[in-house]
Structures are given as C-alpha cells and as structure tokens.
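Letters A, B, C, D and E mark the chains in the order given here, with residues in each chain numbered from 1 onward.
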Amino acid sequence: METETPRPMFDTDEMVLNMGPQHPSTHGVLRLVLKLDGERVVGCDPVIGYLHRGIEKLSEHRDYTQVVLLTDRMDYVAAATNNLGYVETIEKLYSLEVPRRARYIRTILAELQRVASHLLWLGSSAGDLGALTVLLFGLRERELVLDLFEEYCGARLTYNTMRIGGQPVDVPPDWGRKILAFCDEQERKLPDYEDLLTNNRIFLQRTKGIGVISGADAIALGLSGPPLRGSGVARDVRKDEPYAAYDEMDFDIAVGTEGDTYDRYLVRLEEIRQSLRILRQAVDGLPEGPVMGKVPRLIKPPAGETFHAIEAPKGELGFFVASDGKSVSPYRMRVRPASFCNLQALPRLVVGHLVADVVALVGTIDIVLGEVDR
Amino acid sequence: MSEGEKPAPEQIPTAPPAAKPAAPSGPKGEAKAGPAKTEAKPAAPPGPPDPEPPPDAAVPACVTALQSGLPGAVEHVSVWVGDWTVVVPAGRLVDAATFLRDQAACRFDYLSDLTAVDWLGRDARFDVVLCLYSTALRHRLRVKVRVADGEPVPSVAGLWPAANWLEREVFDMFGITFTGHPDLRRILMPPDWQGHPQRKDYPLEGPGELLMENPQDWLKAGQAAVESGIE
Amino acid sequence: MVETVIVPLIVILTVLFAVLTTVIFMVLLERKVQAWVQVRYGPMRVGYHGLLQTVADVLKLFLKEDITPARADRWLFTIAPLMALVPALIAFAVIPLSRDLTLFGLRFPGQVADVNVGLLYVVSVGTLGIYGIILGGWASNSKYPLLGSLRSSAQIISYEIAVTMTLVTVIVLSGTLSMTGIVHAQLDKGWWFGFMQPVAFFIYFVGGLAETNRLPFDLPEAEQELVAGFHTEYSGMRFAFFFLAEYTNMIVISAVATTLFLGGWLPPFPNVAWLGFLGVVPGWAWFMLKTFGFLYVFLWVRATFPRYRYDQLMRLGWKWLIPLSIANLVVTGLMKVLV
Amino acid sequence: MITATHYLLLSVGLFSLGVIGVLTRRNIIIILMSIELMLNAVNINLVAFSHELQNVVGQAFAVFVIVIAAAEAAVGLGIILAFYRNKETVNIDEMNLLRW
Amino acid sequence: MAEAAAFYILAALILGFGVLVVTAKSAVHSVLFLVADFLCVAALYVTLQAEFLAVIQVMVYAGGIVVLYLFVVMLVNLKRPPDAQRDPRRLGRLGAVLAVAVMVELAAILAVGWSRPEGEAGALGPSNVAQVGRALYTDYLIPFELASILLLVAMIGAILLARREM
C-alpha cells in the first residue's frame, strides 16, 4: 500500500477565473482570464477587443480633417493629446509651418489634458483600493479643467480642438487668467491627496513592492509614460523629441527608482506639478500672432509616410500615416497607443501576486480601453 | 478597397461630405478579374515613394554601420521629412534587427511600433514597418520589409517582447503570419472571425450579418445584392 | 405584578426602540458624513435634507422581490439573516444606558438586565452572530458567497480574540464582570478606563472595526474584490436584515466601548468637584453623546482609509493585535498586583 | 418541585441520544457531534448535583469537561480533515485502515 | 411554579433537538440543531443558578466548537463525495437496540434511587462567577494548569493535522 502524497486541502487545481469584462475595477471593458492557485495568480491572459470600433479602418474613408474627430474617441479621457498627436503627424507629412501662438495654445491644452487624465487615474485607482474620498477629490479638480476646455472649444470630453496647420479658434478673453487661477487652486489641493495616501500605512502596504518591473524589462516590453519612468528610465518624448512649444518650456521629468506601484503613483503626482509649471510658463509667454498657418483649402499631402510620437498622459502616443498623394483621405493611419503596449506588461506584473493585487496593478498601468482597442 | 471607380477627389469640398462618403455602398468591382486599381495612375504600382536620400544628406551612423556590418541586408535606404527608412528583405530581418539592437552605433533597444501597410495591387503587397527608437542615443529608424500576401515574416518577439502583441494585431488585421511568434492568435477580433478587416479589399461595412466561411463569399453576396437592386 | 412585568417591559421596549431608531439614523448619518468628507451633499431628496432617506430605503427593500437561488437550502436561507440580526439586538440587554430613574414613583432600572456575567454575555452573544454570516454564505449555494462567508467569519473570529483580551484587562481593572459594576468602578476610581488603558481602548477600536467588517477591514464585501461578500445572493427584506445587523453590531460595539472605556453614563471627570455642574445633564444623554462620538469615528475612518488586503488583514490581527493585547493584559495584571 | 432526579433523567435521555448517534450514523462528523451531546449530558449531571449539594466544585469540574470537549473536537476535526484530504470521504465504514 | 415550567420546556427542547441532531439528513442541519441544543442547555444552567457556566457554554461551545464543526462540514461538503454504499456489515438496528437497552438500564438504577430525600434547593451564594473562580484558582489550580497545557497540545495538534502542506 504505497502512501500517496496528500493532495492540498482545497486542491483547487488551477482555478480559472474571469475578471471582467464587466468588473468595477477594469477601467472599461477588459477581461482578464486569471489562472489561480488558491489565492495566488499563476497565469493571466488579457482578452481585449470589446471596444474595437476600427478607427484605423474608418480613417481610410474620411478626409484628413474628419479624422481629427475619430482621434477624439480613442483615449476618451485625454482627447486633446490624441488630436495633437494626429495633427502634428499630418503637419510633418505635409511639412506645414504652425504659427508659434498655435503651438503655445496646443501645449497649454496638452498639459491641461495631462492634469485631468492623471486626476482621473488618481481617483479611480485609489478608489479601487478603497480610498473613495480621493476619487471625489480628484474629480472635483478635474471639473475645473473641463470647464476650461468647455470655455475654449465648447466640449467637455471629445474636444476636436485642433486643425491641421493650427488652431480653429483663438483663446477666449481672460482664459489665461482662469488657467493661472486653476493652477494655484490645484497646487493648493495636491497636499489633500498626499495627506490621504502618500504616507498612509495601508496604502503603502497595498502598493509598495507590488508589480515591480526593472528599467531594462520596461524598455524591452515597450512600456512608456509613467510606467516606464517609474522604473527609473528618464524617457520623455517632450524632452527627447520636443514638439509643439515644449522646446521653449523649462520642466523636469519625474523618475521613480524601484518601479513598483508606489513609485508610479509618485511619478504621476510629480508630473501633475510639472504640468502646472509648464502651464504657468505657457500662459505667461503666450505670443501674439495668427493661430492658423497657411493651409491649402483642400488638404492633400504628397505621397509618403511618416511616424510621429508625442507624450500623451498614458505614455508615448505614436501616429504612422501613409498617403498616396492622390486621395483626400489618408491611405493608412496607424496609431501606436500607449495603453495597448502598457497593458501587454500586465501578465508579467500580475503573476505571483494575489488576486486582490490584480485590482491595484490594473490601476497602476492606467489603461483606457478606448485606446487599447481603437 | 476594390470598390471600383472612386469619384474624382475634386467633388469632395472641404465642407464635410454627405454622411456616408460618396463611395458607392456595395462593392462594385468584380472580384474575380483582379481588383481594379484604386489609383487613377495605371503606370506606377501603388506604394510609398521612398525617395532616394539627396547626395548631401548626412547618412546616420546606424544606417552606414548596418550597411557595412551586414552586406546585402539593406535593399534600399530613404529619407523623407527627416525620417530615415531602411528596406530589408524578409529573410535578413532578424539579423538586421539583432544588429540594430546590439551594435554600439545603433542600440535601438525600444521597439516603438510594429505595423503593416496594405499596398493593394503591388505584387509584394504588404509593407511590415518597424519603428525603432534608442533610449540611449535618442534617435529613430524605420525598418521596412516587403512581403507578398501569405508570405510569412520572421517574428522579432524574441528580440523585443513588445513585439508580441503588436505582431498579433498585425496578424489579426492583415493576415501576415509571423514565424517563431510564441502565441500567434487574434487579439482584437473574436477568435472565430473570418477574414482580416484592415486589408484594402475588405469592405468597410464588414461581412454583414452572415459570417461567411470564405472571405470571398461576401463579395458574391454583395454582388447579388446589387443585382437584385436592393439599396 | 406591576414592578416585575410592566416596568421591565417598558424598559425593554424603550431600549429596542432606541436601538432601532439609532440604526435607522446611523445609515443616514453614514452617507451624510461620507458625503461631507467628500465635499458633496449626500442624500437630500427624501424628507428635509434627506432625513427620511433610510425609511425610504427600508421600504424599498421590503417591496423588492425576495429571490432565493435555485437549489439553495430554502429553510437555512431564510433564517440566516435572522441569526445575524437577533444576537446583535439581544446584546443590548446588559448595556447600562443610565442611572436608575424614578418616574411617576416607579423605579426604572438603567438597563434591561443587570446580569453579573454581563461582559461575558456580550462577548458570547457576539460569537453567535457569526452563524448568520456563515449560513448566509452556505445557503446561497454558490462558491463565491461561501468563500466570502468563510473569509469574513475567519476574520471576525481572529479579531475576537484580541477584543476579548482587551475586555479581560478592563475586568482586571474593575474587578467585576457586571456592566453596571464596571461603570461604578470607573466612578469610584474617578478616571475613565479609556484614559487608564489607552492601548486596550485602541485595540478594542481596531478589533471592533474588524468585527463589524468595516473599512479598512471590509474586504469581504468590497465590490472591487473578486470573491464577493456573503450576502450577494440576498435581496429584498432579507438583505435589509443583514444590512441592519451590520449597523446594530456597530452600535453594540460603540455602546460597549462607551460603557467600558468612556464611563457609560458618567459625566466626564465625575469626581472633580468644580465640574459638578456637568451632572445636571442626565446620564443617558452622556451615554448617547459618547456612543455617537464613537460611531462618528467609525464613519470617519470609513471615509478616509483604503482597504487592507486579506492576508495583510489577518497578519495584522494575529501578529500585532493579539500579542499586543496579551502583553497589555500582563502589564495591567502586574501593575494591579504591584501597585 | 424540580429535584436532581429530573435533571438526571434529562441527562440520561441526552446521553442515550448521543450513544444512538454514535452507533447508527455513518458520517464521522455526526458521530463527533453525538459525542459532544454525551459530554453535554455529563455536564448537566455535574451542574445538577452541584446545585443540589450547594457545592460549586461541580461547576468547576464542568468547566474542565468543556475544556476537554474543546480539545477533543479540535484534534478530532484535524484528523478528519487530514483523512478527508486523502480519501475524499467522511464515511466511517471506509476508515478501516490504520495507516493510509 | 415558573421554574418547573421552564425546566419542562427546556428539557423537551433539549431532547427534541438532540433527536434532530442525530437524525438530520444534511450535516449542516444537524450542526444547527446542535447549536440550538447547546443554547437550551445553557438556558437550563441559568435555571440551576450556574450563570457563569451558562455563558461559558454559549461562548465556548456554541460560539467556538460548533463553528469549528460548521467550518469542517462546509469544507468537507464542498465537493459532494459520492454516496458510499452502505457497508453490509453495519448493523444499524443492533446499535439502536443496544442504545435503548443502555437507557432502560440507567432508568432502572434511577428508579431504585428515587426514594432518596431531595436536598433543599437553596441559592448557591452571592456571585456564582466569584465562587467558580475561587474554586478554580484555589482547590483546583493544578487541574486548571493541566487543562491549559492540554488545550495547548490540542491546538498544536490540530494545526499540524489540518495544515495544508506548503
């Protein structure tokens, strides 16, 4: 009678668990097929595509100006930076000269968008860990940004603020003063979040040392934005390949050290501060001049293709546009979404942690499914 | 999109056109006789111009290093609006990629993007485009591989794990298979989807309600619809 | 006959009425406090400033359809919420609300029953509450509520050890198990036990949070977690019972804390002469004030803290609270013997 | 008037219920519970006599019986868990091996 | 008079629940009846002026041990084990007959002893808790310490037996 080895009590032979697609903390329609051994995650396979609207295919049947509307709906939390990325790629393709004032306005819009996106990230990921108050605080400040956008372009979510060659509308009268007022208000409110979270023992235990990824792995996996900088890689498109008016702005890049969830949290908070700094410089230095460059009535760029990336709040947002020189719509419009590449790292981050950490990790890579699925 | 004659571009004023683009709804061109050329110009096959670099342009160190390091790996070098592009044959892609990643002159450790462009009508139909970036030397390079429909491309997922999902998306959307890819399956479309949506000969409206076994079926269905005068 | 039947009946009814209204008011207060912390209004629509909100909620729950999951153990499924609510309510029998009052010539005792094993009674009735949770999970006949119920009961049991240890330190100080005895002991010593035993008070507070599954220990019902809480399958009135049971438990914990650590119905600093004028305020008013103060802290904590992960929660319970409370007990014992 | 014998009769009834449970049931957990019933019956006896003879020793001893019942239950259930993990059954008839 | 009524009700309840525990089909139901049974026994102790023991019974027995049973019953029933066939050699009937014989025999002994004069049922003294406590810590200190060691051993044993091999 050989004695067989006692099987584990629950002998949950690798329970497979579906987290999503309707789950409160997956930030949209993302489904994670988790393989669990008891409480520990052994395998994770993200299933995406629920929000795939085929924006790239659609853009081949819209003319260049209409595509700006499509880009609004990709990362619907940061529509202005999507517009900026697309519009700048076409200007590079068409080698158009954008007036300095338009570039300043675009920088202001992009930084406002970064603050708003980080605030929403802060609220939702802290809310997932149970700190509901931070969610409400974050959304309260975000309202101020939405008001500023509404004043400039009339919309609160999908702005359609930019045109190829410049800005459609000039700045409303005392818009600049309101932005400065917002910056001061936001500067005063940041300590509110930090009191609640930064040195809160429970938050530290839930985030320190969770989802650690080294700099080299982050680069290899194609991470970008805060997840990449959280691991100590000082890579920021605004510094490396300055666009819009970032070459005239003085700001520094927030870089983490360990590459865990807590560092990414600190990096994003620091980025909000840097954005406020840029906003102040941009508003003060807003030059006079036209807002719209010399653009032919009918936009038909010459045959050719180009790739241009900008620093969206989620990471490096790249556009690869090919034109065949004959038709009015882009022959091929490819989007390199930051959330898509960051989400790819999730399985590597999650394996080995507990199920409860999956919630924190989905929050820390800050994905928006509109951008992932396009 | 093999939808036959596209109306002359002048007709679309800058004002937004009617809700649907003026292109006729149902695919008109007869599929079997080879797709009609979308471009009016019959002579030059469709494809990116890839202009020759002007003689005085300073060829970046990485391109010259690649040309000297792997003789014959580089078919064509071009530069346009400041982007350097290198065209590499499919067979030599992995060697070139390893060279570009590891050599001191290049150190392209960051695969920013991997995508494909469908130049319908050209015999080597697909352009697989790799946008590389070096976080150390802060410069960019685009590597292109021209492949025909059905011809596999060696996967670079081994060199840059970032390529894993990017290649899966290209496979899902264009049907280009990547040999050596750890887990090549559809990523955005449902697993049992027929056809590859972002090909130029795939209608914008999709295959309609009936998921055809064979992608060509909807062409016939579309034609049948047109003949019966629906719409 | 009047003395033995009607007076206790009246006292019981008043206590029950007081508890139930406090529960109703607590539900509203919780949403208002959380709203106030988060710079918003909270329920404003029903009644003046949302006062009738909870009544509306309870009515809604009564009218909602009571679904019983297929193949669930129907009989068990119905009594589980009761088993959660009843122990919480009967725990109030021994809590001294105020001094003995003499109204219309009748002597009304300050508490329903002055049992000389009062404190032990509260603890043992507390353990009975666990059955409601376990059976609630088991009767829903699906894997996740069962796992959720096992988790929350394991959490309650492990924190109960720490809480019971702190209660023992209070018994060491007061020398008696009867609750009024403890209040009188605080009167004689002139100091509330909360000041003499800050560590025990703190552990009791944290244990109380864990025992009622309140944030930051509300993992079992946290909606973001995968393993859902034990009352996912419940709806309508049965869910209302679980809901009321949680709040009644909260009130029991606060009432016991007030009696043990904040001197029950004693005015603050009872023996300090010049503070005598505080005595004019009746005992039960002080009791209510302190209990509400304690409850407010419950709500305040819920609005500010994130949530512990399950293993961190258990580690905190076993590796920190229990050793700390035992150490505290030993120290108190030594102090009592030596000094 | 309730005398000690009433309590004794009650505890006899309870004790024999426990014995029936042990002898007739096949699920080992029910058997352990029946043993608890028997221990309870013993406790009732102890308390009844302590009440009748005005001597608190009976109750003190009842506390010890509860302690033993607790220890027995803990270890018994431990054994059942270990056994269940191997044999996937709690049926007493299949527990006929001294070593498994 | 009230005390007699209380005794009879409680006795009936205890025996009734006892029968249900033994005959309940589902294990969870019998655990529940066990809890009810212990609560009635605790109430019985109160009528015997043994409040301390009543509360201990509720806390330790009903609140502790039976929760343990409930946990184990649930963990064991998670995966419905196939109903093992009845072992032919099991003589259920004989067991029942023997049990009844035991009961008859005990009742006979009691009947003989019936004629003993019943003692006076006086109160047990001021505070039952204090008395039990004093007894435990003075005359029965050694058994008390032994009991605590026994509990310690049982705890370690249970943990080792039920621990899931990591």
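Here, contacts are C-beta pairs under 8 Å (C-beta built on N, C-alpha and C of every residue); 3 or more make two chains touch, one makes a residue touch a chain.
What you see is a predicted model; the values in this text were computed from it and never measured.
A centroid comparison over C-alpha atoms places B as the chain most distant from chain C. The greater number of contacting C-beta pairs, out of the two interfaces A-C and D-E, is seen for D-E.
Centroids of chain B and chain E (each the mean of its C-alpha atoms) stand 78 Å apart.
Each chain gets a centre from the mean of its Cα atoms; for chain B and chain C, those two points are 66 Å apart. Chain E has its Cα centroid 64 Å from the Cα centroid of chain A. Among all residues of chain E, those that touch two or more other chains are 52, 56, 64, 75, 78, 128, 162. Within chain A, contacts with two or more other chains are made by residues 6, 8-9.
By the touch criterion stated above, chain A contacts chain C in their complex at residues 17, 19, 24-25, 39, 126, 128-133, 135-137, 140, 196-197, 200, 202-203, 205-206, 354-359. Those residues of chain A that touch chain B in the complex are listed here as 48-49, 52, 54, 56-58, 60-63, 65-66, 92-93, 95, 219-222, 233, 235, 240-241, 297-300, 303-307, 309, 316, 318, 320, 322, 324-329, 331-332, 334, 336, 340-341, 344, 373-374. Residue ranges on chain B touching chain A, taken from their complex, read 1, 6, 9, 12, 14, 16-17, 21, 23, 38-41, 46, 48-49, 51, 80-83, 109-113, 115, 117-118, 129, 131, 135, 138, 140, 142, 160-166, 169, 173, 186-190, 197-198, 202, 204.
Residue ranges on chain E touching chain D, taken from their complex, read 3-4, 7, 11, 14-15, 18-19, 21-22, 27, 30-31, 34, 37-38, 41, 44-45, 47-50, 52-53, 56-57, 60-61, 64-65, 68-69, 72-73, 75-76, 79, 81, 84, 86-87, 90, 92, 95-96, 98-100, 102-103, 106-107, 110, 113-114, 118-119, 121-122, 124-125, 128, 131-132, 134-136, 139-140, 143-144, 147, 150-151, 153-155, 157-162. Within the complex, the chain C residues that touch chain E are 73, 76, 115-117, 120-121, 123-128, 130-131, 134-135, 138, 146, 150, 153, 157, 177.
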